[in-house]
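What follows is a pair of complexes built around chain A, which joins chain B in one and chain C in the other.
Showing the complex of A and B:
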């Protein structure tokens, strides 16, 4: 099975575990089914792209812990009851965090889910747009996304008219 | 990445198989990235105070170091290392400790896909641009965590505002890059930069009017995305003390601070790579000192952002949301449509 290079999958994990030669041996015969799906060359390609990420994550973690460790080692540790209270402009704390939130924060979260998902769905189309044009499917290429975005624009206009975007 | 592995195998004579090459090259690259990022973030804290000083007709830091307080950021780091680390009694300890680490990691991760020069990229992944947006929004989780765990109402308000703002501005930020992806036909950062070869009018920002508007949308949203003035609502000193990091002291506070400046530089680097031609020169096809050209453009963008911060007054929350939802998002959707039609028409003419 030929896999598109741009397929986002967990192939790189497989690449770390299995190589082509191992797959060919009888020991891993049962894994041949997987081999159909996870082409080893493709998997190595994925590894090349994503192993550096694992390294960057671990490095970031090490750096953060190093900084924190250093300051824990060097800094003074003279805690007092007053020092450990939360900040309130120099006066005793008034009220806890049982505060009321403006309902708009919730609405923004909902709208975000909608529109960010929209953006995520537009990306694959944008990648393929040029090749669709080259393939002569011009009207289809544009109108397809036009319909998708159009529905969301109708939603935006509705939300706008309903006043969900006003902060007063 | 290729440069590094070549250097390791040929110059230092290391015998490496494929996996070894991958790990050694990736590790060196990641280390360089982390050091560059940390240094830049530290230098920016100095540059910001210096520029602020000049804008307000004063000197800024002058004492530490021979030249214009050049060693001030080093002195600050040393000072911060020696500060006490206070965790309030009422705080939610695990979350409180975890929040700055998450934000720090989220600000370091996107650097893996930033193409500084040909072959000088930690992970030359096909999903580059998408990956950058995906991991950098991890900071929102950290901000909410910090605000909630502090058990301080000012921190919580700041966190809610910060999350609402970052979440809102992420949409125009992502939508503004889509015309570029349409033009390039790839999300790979290297491909995007290479697609802008051949002088200033081949750079995405100056290629056509729609892309120019998209660049402007990206630039405005990126300032809001990194919570800087005039969009620094989450940390309004006059209302919320210091926003979500009110309760943080010492090194934990410094992690927030470092990530903020790293993010400032990151959005400038992405703008450079995606809109301003990356390492390409304004004239001709030649690639001369690619890394320096890239850095020069990114530094210019950072200086513009600092200039904006010290020039414009802070917006109100309602104005902020108005700009995002009623101006930038419809405008970026129009840009999308415009570039789509333009690509179609220009393709027809070319054919």
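Showing the complex of A and C:
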């Protein structure tokens, strides 16, 4: 990638993408300073892999707060009664703003969450799968996940039969 | 740096939790709780548990808090508004909190067998978690799906009445 090294902001964003090793090279000397500030030279910093993430989050926070603060500080504030009303797609508001949700939404959300958790537990299995194959334990790996998913398929069948997924 | 981040996340976590407890609007309380959970994820990351940190944000701050909002919105309106009191109005939680703090303080001094302060390399990463979960704790792994099954049945039972689904 060809980058003008004098362009600090571009380099800064690249710092979020390059690895620690590359950062040690002379090319990114200026970045190293920032990185070290975050790293504080602690060899035992267990969460080192999160440093780029921390940089992104801090940058996002700084920019968001900066622009919000600027608009709050610079923008004129002329409140009128109409301006303070609740916005509803440009039409006059009908009824209260605090509507009650139908329980169907809750059920769908809850069921989504449960099967979402199932997917979370499939992930470590997928990570281990290749090494299990190499260890000659394919049947073990498949039956382990088969039982896990099988139990949840029972749950899916139950939900289906009960009509909880109907939406008319 | 680690200590600085720990105290930063810790302070934000506590602040978010206190704001969630003392907030009079249920929706605002949920949003403060999301803030607290994100900071808890930061602490998990510092404790060399990246998988836990990411799951905390994905599952807890993401999915479960949406569920909380749904519950709030189902109860919202006339039911909640007049009833909801800030926890600041109640004083009994102070001794309860004191007992909890004392308990944590006591636990801090207890050393558990097989647990050390230093985590081995790769501990808490997805590989390390998978290795333990699928081999040593295989039965636990299968039990998790049973727990999820119970939760699925519970969800349907919550929404249904005697005749079945209300729709």
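Just so it is clear, the second predicted complex is superposed on the first by the 111 of 168 C-alpha atoms of A that agree within 3 Å, B and C clash if a C-alpha of one lies under 4 Å from a C-alpha of the other, contacts with A are read in each partner's own complex, and residues count from 1 in each chain.
The working rule: a contact is a pair of C-beta atoms (placed from the backbone, for glycine too) under 8 Å apart; a residue touches a chain by one contact, two chains touch by 3 or more.
Fair warning: this is a prediction, and the values are worked out from it, not measured in the lab.
With both structures placed on the common chain, the touch criterion links A:110 to chain C but leaves chain B unconnected. Applying the stated contact rule after C-alpha superposition, one finds that A:61 touches chain B and leaves chain C untouched. Number of chain A residues touched is higher for B, counting chain B against chain C. Applying the stated contact rule after C-alpha superposition, one finds that A:82 touches neither chain B nor chain C. Of the two partner chains, chain B is the only one that A:52 touches; chain C does not reach it.
When the two structures are aligned on the shared chain, A:91 is found in touch with neither chain B nor chain C. By the touch criterion defined above, A:74 lies against chain B but remains apart from chain C after alignment on the C-alpha atoms of chain A. With both structures placed on the common chain, the touch criterion links A:101 to chain B and to chain C. Contact with chain C, but none with chain B, is seen for A:147 once the two complexes are overlaid on the shared chain.
On chain A, the surface patch touched by chain B in one complex and by chain C in the other comprises residues 47, 49-50, 96, 99, 101, 104-105, 109, 111-112, 116, 120, 123, 127-128, 141, 149, 156, 166, 168.
The residues of chain A lying in touch with chain C in their complex are 38-40, 42, 45-47, 49-50, 54, 96, 98-107, 109-114, 116-118, 120-121, 123-125, 127-128, 132, 141, 144, 147-149, 151-152, 154-156, 158-159, 162-164, 166, 168. Chain B makes touch with chain A in their complex at residues 1, 18, 22-23, 25-27, 29-31, 33-34, 38, 80-91, 100-101, 104-105, 108-109, 111-112, 122-127, 130, 150-154, 156-157, 160, 163-164, 167-168, 170-171, 174-175, 178-179, 181-183, 185-187, 241, 246-247, 250-252, 254-255, 317-318, 321-322, 325-326, 329-330, 333, 336-337, 340-341, 343-344, 347-348.
Considering their complex, residues 1-2, 4-5, 45-48, 50-51, 53, 55, 58-59, 63-64, 66-67, 70-71, 73-77, 81, 119, 126-127, 129-131, 133-134, 138, 141-142, 144-146, 148-149, 151-153, 155-156, 158-160, 164-167 of chain C touch chain A. Here chain A touches chain B in the complex through residues 5-6, 8, 44, 47-53, 55-57, 59-61, 63-65, 67-68, 70-72, 74-79, 81, 83-89, 95-97, 99, 101, 104-105, 108-109, 111-112, 115-116, 119-120, 122-123, 126-131, 133-134, 138, 141-142, 145-146, 149, 153, 156, 160, 165-168, going by the rule given at the top.
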